[in-house]
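Two complexes are shown next, each including chain A; its partner changes from chain B in the first to chain C in the second.
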Partner chain A sequence: MQAAWFLAVGGLRRALGIGALLALAGFILGPLATLLVWAFAGAWLFPHLVPEFSLKWWVYVLGNADVGKAIRMSVLSAPTATLLSALICIPAAYAFARLEFPGRRLLLLSFLSANAFPKIGLYVSIATLFYRLNLMDTFAGVVLIQLVNTLLFMIWIPTGTFRGININLEEAARDVGAGPLRTFFQITLPIAMPGLIVAALFAFIAAFDEAQGSLIVGTPNHITMPVLMYALVLSYPQPVGAVFSVLLSLPSVILLLVTQRYLRAGYLAAGYSL
Partner chain B sequence: MRGVLGFALVLPPLLVLVFLVILPAISAVITTLTPATGVVTAAPLANYAEVLGTRTLRTDIVFTVIVTLVAVAMVFCLSYPLALYLRFVRTRIAALLGVVFMVPLFVPVVIASFAMITFLVGHGLVSTVLFRLGVERFPRLVYNATGIVLTEVWVSIPFAVLILGAGLQAIDDALIDSARDVGAGPLRTFLAIILPLNATPTMITLTLLFIAIFGSFTIPYLVGGNAPQMLGVTMTNYLTQYLRRTESATMAVIAFIIASVIGIVYVASVSRRERAAP
Partner chain C sequence: MARLLLDRLTKRFGTHAAVHDVTLDVRDGELMCLLGPSGCGKTTTLRMIGGFVTPDAGDIQIDGTSIVTMPPERRPTAMVFQRYNLWPHMTVAQNVGFGLRLRRLAHAEIDRRVTQALELVGLPQADRKFPHQLSGGEQQRVAVARALVLQPKLLLLDEPFSNLDARLRVRMREEVKQLQRTVGITTVFVTHDQEEALTIADRIAVMHQGVLQQVDTPAALYAYPRTLFVADFIGTMNLIGARAHAAPAGTMLSAGPWHLPVAGTRWSEGSEVTVAVRPEDVVMAADGVELEVRRVVNLGHYLQAVLWCAEIGEIRMFTDKGAALGEGQRVAVRPARALAFHGSELVEIGGPMHPAVASSAERR
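Showing the complex of A and B:
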């Protein structure tokens, strides 16, 4: 890496490296570390640096029936929304990347509106629609709300990925006699897989994280974990929220570890530069 | 024929978008243009005049814009050097930093907000450490604008570093080295080569950060104070607590208009790159 001289001047490199590492690590890991300590604290009184450790809040949280219901609801709804999103969005992304049709760019950009219009303004109208369709307080209603949040990731990132694949590879497959479907499944899809996995990861986190709309559509019988978290943060002792946070982080942490090797900046960036 | 196929493939997600985003949005806009019940002669923009005429709401709009701008500026100032560092330095420290800065990407926003509260609150870790160091008086760090900005920054850093970093990755090393060969120093090289070549990813990062932070709800709801508040929270309160649907929708449309102005910058910078490409 020859161009490294660029930051190597006048001790700048070392100062920047160590200073940034400490400051950033402190700022990023500090809140999570505090949370983790709280999850195992029986009591943590100011100004002690270390709390008394205890597992009593875990017993309390895991014994709570609402928590069990919320975990089941989240574990069922978020993967359903992600899968549904992948099924409808990946073919669309391929079309955006490879096929010419009128209004292609405008339609691709229109998916930004799902994230630009203030959600609460939408949920008011969506609630009216859902009442009419008997979707309020149903599993399907919650999945649909989560689906809206996944669209941008599942369209834009795969579109960028498909566009990044050398078209000659597909044309070569067609030249030796493979049909369009066979070319897609045997050539395009395997090459695109890492980008699609990154998209699915972001889509899952977006679906799993959704709270504002699920609160309106899912109350009172279809409460997901983030919705329950609002109540826990606002009206329970701090360790209860901390224990629940650890539970709520588990799926993303596991997914992160499993998909770690696919996480390259390029896939995300390719999606957002259209 | 291929045009029809393309459109058919795009149709399913488009239908979801139309029924769950675009039609509800239009319906919200229509609500805001309909005068309140009982008032027959009101002008079509009466609801907007009322919202913009309410002092607390005007304060909230200004507050939202300022908090968003400060947060975007802070994210940018932290992320650009970090992206540069990760692009040009290949050491173990850099690799470790690369892992640390990704962490917030995988923490649900609800948890990030709660973690920030426990970290910054009056008897939290930061206060305890400051107290132990002998600092007993310091400004409140949470349940106000400071808390919102810090949490937004925490949540947004990975996204900004990823997009900026991918842009920097695309700059050829040879170009940077040749700048030195003709006698340019690091600052000159940065201003004349790197900054202009990375302009499009920079614009994309800034606009998407603005839209995301401007419309956020969970962070200001949990980490912010009572008043002034960000629009996302005010809208929700108007709807769920005061049951004033029209005002809530009117604020949503105003917020969307502000976000759209920024969205246009995004579209413009993206299309300029597309035209520039061969």
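Showing the complex of A and C:
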């Protein structure tokens, strides 16, 4: 009797747990599933529950010259911004992690400032600067704007990662005869790599998804995919937006799948516990 | 084969002197322990030898050549750290061979030396494993192999076994001692564990608050501690506050119930002296002072008895395990040997001491 009672409660608990999990999954994945359905639907009108399958919107979107141009622009600019960001930020992050200098914390927090104010104001003031520097409507200008959005990830996560690497590991390398540079490249960098990959992933997504700043700086000739999305959503039938959304999320999804074995909560947490 | 000389080495962190004016001579092939409580400057001293901390003053010489301006990668020293010794992204063989690869040795030569080094530390089959596949003790052995494979002049060990469990620690310390004898390498070993220092070292340098207290063999350190700190820190010691009095045949120290005669008129009347007595020097004697036995602890091959003396508190005594001692019983004891400290002066007091009862007539 007693045992059966416990079993029933255990079963109930498990059922509740599974139910909650399904609800959460539905909440997160539901809109995405709808998006997928819309992207492959020819027409989806009442009273049909299941839409007819069609690739016509894909043909339409991919055949559009503006779309091709925007894809090229995004595929070139986002990796460039990520790479530049890594080149600038990883050495800086190492300095933040290893050196104690006055104003270290303040400087670290300053990287948050780009995310702390209404972005549109920031972009407008950047635009006035870009006009003077002839960076408006250029590839370099768009890359720079995307770069601003990657800084936080590329500084904070690697700083946390480098801090997590015990200094003894570096000292041991110095001890057996490696100079500071060799120690960094052969010891520190390989050990930090998983954390750096996570940082680069977040930075890439931030750069790839950037729309506001790119819209201001890049129009009319340097339109990235998220910027074009605005135009598509406003002036084309619904499935076009869905198709484009799927295209827009493809790089992130692919990168997430490729790097998923490095994705551990620890790296993010280390980045934010400065 | 190398001789290490530290010459008036000083390091300050802020205004606090972590290491103050340390002069130490480590002989060729010697195993020198730097011993002291945490924060005494022993690790800072070792890190200065390794090149990871820059001294504020003083010199470090190996075989008469100053190395104090060299970065760690150019010093002929090899260090084994307390923890996080091995690079997790390399196999054991790659870890051990890293320094050799930097020196651009031929592959065959690197393999030969790595194999040899791993055999030396008793891990010949571990070469393809990664550090996380090894136990803590095995990791430290690989770290020792990595240090020795470069044939350094000086081996530096920074509390290398403090993260191992007690039994393994004892075994590893025997192994390192054996290895050091075999290789004959001059070694500086930092530890806060006096038992470790006493068993492993040829000589021990005791440090306290950045100051070198005494450098001596384990036996000398135990029998003739030169400062009160060393007396208290090494082994177990009964410290008894005493006063000096003039006596017909020199000076008399009244230490609790005992009166200890000292030759000569050393100290002025009434000056305060500390008398230090090892527990094994507290012996049962018919003419001793009767004290109450508070606790008896069987420590295997001997007994530790805690005696109670109304004037000075607890007195510890080590005695033969066959001794008939019961708690609550009274035994007559006297110090067979003692050391008296007054400022920087130290006097050994040998021979039997006179219990206060016997000298009460004298006092009157």
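Definition applied: the second predicted complex is superposed on the first by the 258 of 274 C-alpha atoms of A that agree within 3 Å, B and C clash if a C-alpha of one lies under 4 Å from a C-alpha of the other, contacts with A are read in each partner's own complex, and residues count from 1 in each chain.
Here is the rule we use: a contact is a pair of C-beta atoms (placed from the backbone, for glycine too) under 8 Å apart; a residue touches a chain by one contact, two chains touch by 3 or more.
These numbers come from a predicted model, not from an experiment.
A.B. asks: After the match on chain A, would you call chain B and chain C a fit or a clash?
C.D. replies: Overlaying the two structures gives chain B and chain C room side by side.
A.B. asks: What's your read, chain B or chain C touching more residues of chain A?
C.D. replies: Ranking chain B and chain C by residues of chain A touched puts B first.
A.B. asks: Now for A:Ala173: first (chain B), second (chain C), both, or neither, which partner does it touch?
C.D. replies: So A:Ala173 only meets chain C here.
A.B. asks: Looking at A:Ala140 after the superposition, I want to know if it touches chain B, chain C, both of them or none. Which is it: first, second, both, neither?
C.D. replies: The answer is neither, since A:Ala140 touches no partner chain.
A.B. asks: With both complexes overlaid on chain A, does A:Pro190 touch chain B (first), chain C (second), both or neither?
C.D. replies: Once the two structures are laid over each other on A, A:Pro190 reaches chain C alone.
A.B. asks: Return first, second, both or neither, reflecting whether A:Leu76 touches chain B, chain C, both chains, or no partner chain.
C.D. replies: In the superposition, A:Leu76 touches no partner, neither chain B nor chain C.
A.B. asks: Quick one: angle from chain B through chain A to chain C, Cα centres, nearest 10°?
C.D. replies: 90
A.B. asks: Kindly classify A:Ala231 by the partners it touches after superposition: chain B alone (first), chain C alone (second), both, or neither?
C.D. replies: So A:Ala231 meets neither chain B nor chain C here.
A.B. asks: Quick one: smallest Cα-Cα gap between chain B and chain C in the superposed arrangement, Å?
C.D. replies: When the complexes share the chain A frame, the smallest chain B-chain C C-alpha distance is 12 Å.
A.B. asks: Which stretch or stretches of chain A touch chain C in the complex?
C.D. replies: Within the complex, chain A touches chain C at residues 166, 168-169, 171-179, 182, 186-187, 190-191.
A.B. asks: For chain C, which residues count as touching chain A in their complex?
C.D. replies: 50-52, 71-74, 77-79, 81-89, 98-99, 102-103, 143, 146-147, 150
A.B. asks: So in the complex, which bits of chain B are touching chain A?
C.D. replies: Result: residues 2-7, 9-14, 16-17, 19-25, 27-28, 31, 78, 81-82, 84-85, 88-91, 93-94, 96-97, 100-120, 123-129, 131-132, 154, 157, 159, 162-163, 165-167, 169, 173, 176-177, 180, 185-186, 189-190, 200-201, 204, 208, 211-212, 215, 217-218, 221-222, 231-232, 235-236, 239-240, 245, 248-249, 251-253, 255-256, 259-260, 263, 266-267, 270, 273-274 of chain B touch chain A.
A.B. asks: Chain B touches which residues of chain A in the complex?
C.D. replies: Per the stated touch rule, the residues are 1-7, 9, 12-13, 16-18, 20-21, 24-25, 27-35, 38, 45-49, 85, 88-89, 91-92, 94-96, 99-102, 104, 107, 109-126, 128-129, 144-145, 147-148, 151, 154-155, 205, 208-209, 211-212, 216, 226, 229-230, 233-234, 238, 241-242, 245, 248-249, 252-253, 255-256, 263, 265-266, 268-270, 272-274.
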